[in-house]
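Here the chain labels run A, B, C and D in written order, and each chain numbers its own residues starting at 1.
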Amino acid sequence: MNFASDNGGPAPQAVLDALAAANSGYAGGYGGDDLSQDVADRIRTLFEAPDAAVYLAATGTSANALALATLVQPFETVFCTPDAHIHMDECNAPEFFTSGAKLTLVPGDDRMTAAALRGALNGEENRGVHGPQRGAVSLTNVTEAGNVYTLSELKALCAVAKEFDLPVHLDGARFANACATLGCTPADMTWKAGVDVAVFGGTKNGLLGVEAVILFDQSRAWEFELRRKRGGHLFSKHRFLAAQMSAYLDNDNWMTWANAANSAGMRLRQGLEALGIGIANETQANMVFFNAPRRVHRALLQAGAIYHPWGDLDGGAEDAPITGRLVCDWSTQDSAIDGFLALCASALKA
Amino acid sequence: MNFASDNGGPAPQAVLDALAAANSGYAGGYGGDDLSQDVADRIRTLFEAPDAAVYLAATGTSANALALATLVQPFETVFCTPDAHIHMDECNAPEFFTSGAKLTLVPGDDRMTAAALRGALNGEENRGVHGPQRGAVSLTNVTEAGNVYTLSELKALCAVAKEFDLPVHLDGARFANACATLGCTPADMTWKAGVDVAVFGGTKNGLLGVEAVILFDQSRAWEFELRRKRGGHLFSKHRFLAAQMSAYLDNDNWMTWANAANSAGMRLRQGLEALGIGIANETQANMVFFNAPRRVHRALLQAGAIYHPWGDLDGGAEDAPITGRLVCDWSTQDSAIDGFLALCASALKA
Amino acid sequence: MNFASDNGGPAPQAVLDALAAANSGYAGGYGGDDLSQDVADRIRTLFEAPDAAVYLAATGTSANALALATLVQPFETVFCTPDAHIHMDECNAPEFFTSGAKLTLVPGDDRMTAAALRGALNGEENRGVHGPQRGAVSLTNVTEAGNVYTLSELKALCAVAKEFDLPVHLDGARFANACATLGCTPADMTWKAGVDVAVFGGTKNGLLGVEAVILFDQSRAWEFELRRKRGGHLFSKHRFLAAQMSAYLDNDNWMTWANAANSAGMRLRQGLEALGIGIANETQANMVFFNAPRRVHRALLQAGAIYHPWGDLDGGAEDAPITGRLVCDWSTQDSAIDGFLALCASALKA
Amino acid sequence: MNFASDNGGPAPQAVLDALAAANSGYAGGYGGDDLSQDVADRIRTLFEAPDAAVYLAATGTSANALALATLVQPFETVFCTPDAHIHMDECNAPEFFTSGAKLTLVPGDDRMTAAALRGALNGEENRGVHGPQRGAVSLTNVTEAGNVYTLSELKALCAVAKEFDLPVHLDGARFANACATLGCTPADMTWKAGVDVAVFGGTKNGLLGVEAVILFDQSRAWEFELRRKRGGHLFSKHRFLAAQMSAYLDNDNWMTWANAANSAGMRLRQGLEALGIGIANETQANMVFFNAPRRVHRALLQAGAIYHPWGDLDGGAEDAPITGRLVCDWSTQDSAIDGFLALCASALKA
């Protein structure tokens, strides 16, 4: 009953098998090996983007920060939501990699609307050299609160960015889960919607630690490579990143695993709803946010359920509802879900 | 006959086995798992440093740059050799992670003498706020040219650093190879000699990509953790870094693998000497630098040998000697060495 | 009728006289001259802070950014208001000088309440290495909207900062105007209230371009000096900064000039109120914010009044009120004020 | 007898008069005033560069660092001499403003030869992403050792830079002195020779603190403006920088003052030579480097002469010669020179 995060579970056997398969003989370093080249080609094909530059990085934070650093200058600002991972959970990595650019928070929570984005962009009105210059828009799909932007929402947001001549970055730590929910192609969710640089995340969907950064415009590709090296993110034994990504692409595993995680999320959500427990967000992918009294959370956690309450368990009335975040991954078992639901039923009765 | 680098070969099976063993059930993220804690403890024991802070990073460049960033301020300078990896091969990563500190090159090649270091430290004479302030000394063992500092050399260099009240960083990308050559303990080569922060490299000695950074003084440990996260170098699925390091520590594998690489280097060197080929450096570990006419290099490479000539093959007289770098790793086969020596013999005769 | 800014008017003759007086013979460079030392001593005396470190800088942005850079680390965040000059008007200078620290906006406008500050500090809850660390609190007095924090408000805010063990920076671009309004001493408004580093601004109050940065704790004084030099902000002919500050301190000129500016502001405000024009903020110092229909602003500007409307003159209904900002300085003439009020009267009638 | 530096003397009266003349009425801030625009136009005319972007900064370090930051990327390196001010005397300002670019030292002292530059550029051979990329070449005229590059030397160096497609920065802290020595126009010494960005220094030649940065290619002009603001180097009361530069340009004062300084340097040099004292460098401008025994230096300094010995007075044999640096400025009096020469004569006899 571990729903703490989609970085807590094991990798599918196919990933380890791919590592083992790659672990033979000599290979060129720093991405010069055949497997690395092959994987980049396959991602270009998957994204229907033959001219894209494709790079692998081992962590989501590095993928995002390197992408942003190629898009914005130090005297610019990136527009994102207050819940964005790049703002909340990267310990100033975007500020570091961009050499001091700012993040401007578009009012709202995890999702921005086109109107809110336009308002924020206008709000950072042109005050000459005094304020930061508008630099880029950063979106996240699936969002940090488990919501999924629709393709039309993405298009509308990208269109606003283009009104201001700004590039769009897509944080796709849960790219596959969003794609699975939307039933769309990777191209639909990226360049066809107006995204300029996308992170195609693997780590939260089964890999040990690999994300692909896809620059649909190659003009700053070489700069990306230099920034990756300068950031210490170029692996000498690059084939072991490529091997993981290879397993991800094989047999549409990335989609299969995301579907499994999303299905688990749906089962969990429906079970909670059946118990009369309130669901906080739209929860269309692999994360479920549920509202329950403090005493229920306490009972669940004491009984061995593992997840993150979104608030202070000890800080208020026992009956006051707080939100809990449940995250499923490809490996989440029905038995774990059913066990958790049974715990919930007991806790509610107590 | 691939002697291009010690990052080109496969990982020992024990490493993949450890990954498989770690790939079961749920684990806390970001180093909060038991295996990560255990590995840190084992490194403290290995280094006889119960109070050290120990962190894992996936690349040598990140390990070095993060270490230096905790040691020096942006207005300071790091003293290193002109051949240092931090100067030559990290695309300004130290300057990036330190927010703009400088590197001061101590005259010499890959090794510095205590006298040269003292001279350089005095040369960066105290000119108040005008010049950079002295920040740290960075040493590398095995050096980039395949030489090994003796313990007394290390002690003498650290003593000079201490005269100026400066901390010492040890780039140990080939730490195990140096240790094997010196027949000393990890403690001997680090804190007992005066080193303050050491990188205990695994990537060039069999791992897929893991280095340990060891801060013998814990006072800046928390800062290191924040800088690692800010640099995008904290792995969410940290157990897979820990698993590799675990295999490294098991059964003294790190030493076994380094001895294998060093023995291969010795066999190669002796074979070359037996052919009358000049050896460029002392070559006490796993790298051999040999001098041969351009035409010999050309013949070797055309025959399928893979290694890096240290100079322009096409740029001068055919008989002018240039240096070639040969690197062995744990997996280098005697047959590959013998094959290469046979090629050399042929090429010399031709 | 120029009320555009307090950086638009001339300097008092005393400032030019002081420059002329200093312009004789040879003087040590980089602050090593007697006048520079003397001025620092006088500021220590004025602030009743014999152990403070005092430095001069030529621009407000550099004074703020250098001060913040000595207080916060790159992985930290500074708490300020959404209207703060450091956020709105310094083109990411704080992010630059701190090597990438973040600014966290405390909800509100130009002033923060102790409750809002505590909320924001708690909101940046401790999430380990994931989010930025709390670094410092930055206050501004007079605020950008012309309001003046009372001493008890300042104390309450500093007390909250101390609860979280954070240093407090005071942006005092209009320090003298605030002091004049409060009728307090410089010590009252700074270290006695809990401020750790204060900027004692001169540029907006008559000088050509000088601010003093006062570090009440000397422990990071040397670092400040190095950061000032590294930022290109150490003047070789430092005596010419010192001379300006000397004139500022002579005869309490700084207070006299601020009182003149504040009195002009009060006259302007009272005149506007007498005309029935709404005043937007408390306006206790040298800035007046007034609300008037677009058509009135247009009439005023066409008639030759110079000031900044706070909104788009052309973007909406003619009768919709928008705010105008009027700024007085030491040189503002009664005739200019009366002329402006007469224009207002005409425009309202039209 | 103060020969410590050309930043120690007073400003010509014309500079103070210009400040007084500018100190009347209201003026637009941040360079929006007429005088600032006029001065930029006059510099364009002086440099025969109607399309150049011209900006003022108050310190030489900021002028150099801002210029370099618009020319190079963080992953690049700037080629300069070991004696360059940007390397020796700016406390890592270039590294700061470029967000971590490196400086590569071209072997030699204060002057580089075209051959040495080409060697260094080739030496930073193309190693893909591993090393820093070649970014720019930085020259200084007059050099830090008082030498003056001829126009043909400048052209040859710029030509080498162009072979590698690199821009050239000219540190002209003593631009006027060099121009006076060469008898050339500002255009000759800059864009006609191949310089892309020049600093036209005023501070060491009579101004209180103003340098002009001239970008002969406007393409990065807006970026320069943003970087200047972000660096805290945009003056709100910009007219007071412009006023100084205006006085500099009036009546060719910049050339008159430089000629005065150079003539003083020549008188000093000839006087020393007449005494049989060795001159260290070519000394064609306003700095004279002379060799004398420690005991002579000691005698001179004790007798009240003020200058910088280039070495440790107390550290060796009394008769061992060390170099002394003497700097003249526009205000250096013949009487001071003659007094110094008399002291020298006495000291030599003693």
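Quick note on the criterion: a residue touches a chain if its C-beta (ideal position, glycine included) is under 8 Å from a C-beta of that chain, and two chains touch if they have at least 3 such contacts.
Worth saying up front: this structure is predicted, and the values here are computed from it rather than measured.
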Contact-richer chain pair (by C-beta pairs counted) among B-D and B-C: B-D
Work out the mean Cα position per chain and let me know which chain is farthest from subunit D. A
If I list every residue number at the interface of subunit A and subunit D, are over half of them used by both copies, so same, or under half, so different? same
Taking the mean of the CA coordinates per chain, how far is subunit C from subunit D in Å? 34
Compute the distance, rounded to whole Å, between the mean C-alpha positions of subunit B and subunit C. 51
Could you state the distance in Å from the CA-based centre of subunit B to that of subunit D? 41
Listing for subunit C: what residues touch at least two other chains? 74-75, 90-92, 96, 99-100, 129-130, 226, 229-230, 234
Can you name the residues of subunit B that touch subunit D in the complex? 74-77, 88-92, 95-96, 98-103, 105, 127, 129-132
Write out the stretch or stretches of subunit B touching subunit A in their complex. 2, 4-5, 7-11, 16, 19-20, 23-29, 57-63, 65-66, 90-93, 96-97, 203-204, 208-209, 226, 229-237, 240, 306
Interface residues, subunit B side, partner subunit C - complex: 30, 73-75, 99-100, 128-130, 133, 223, 225-230, 234
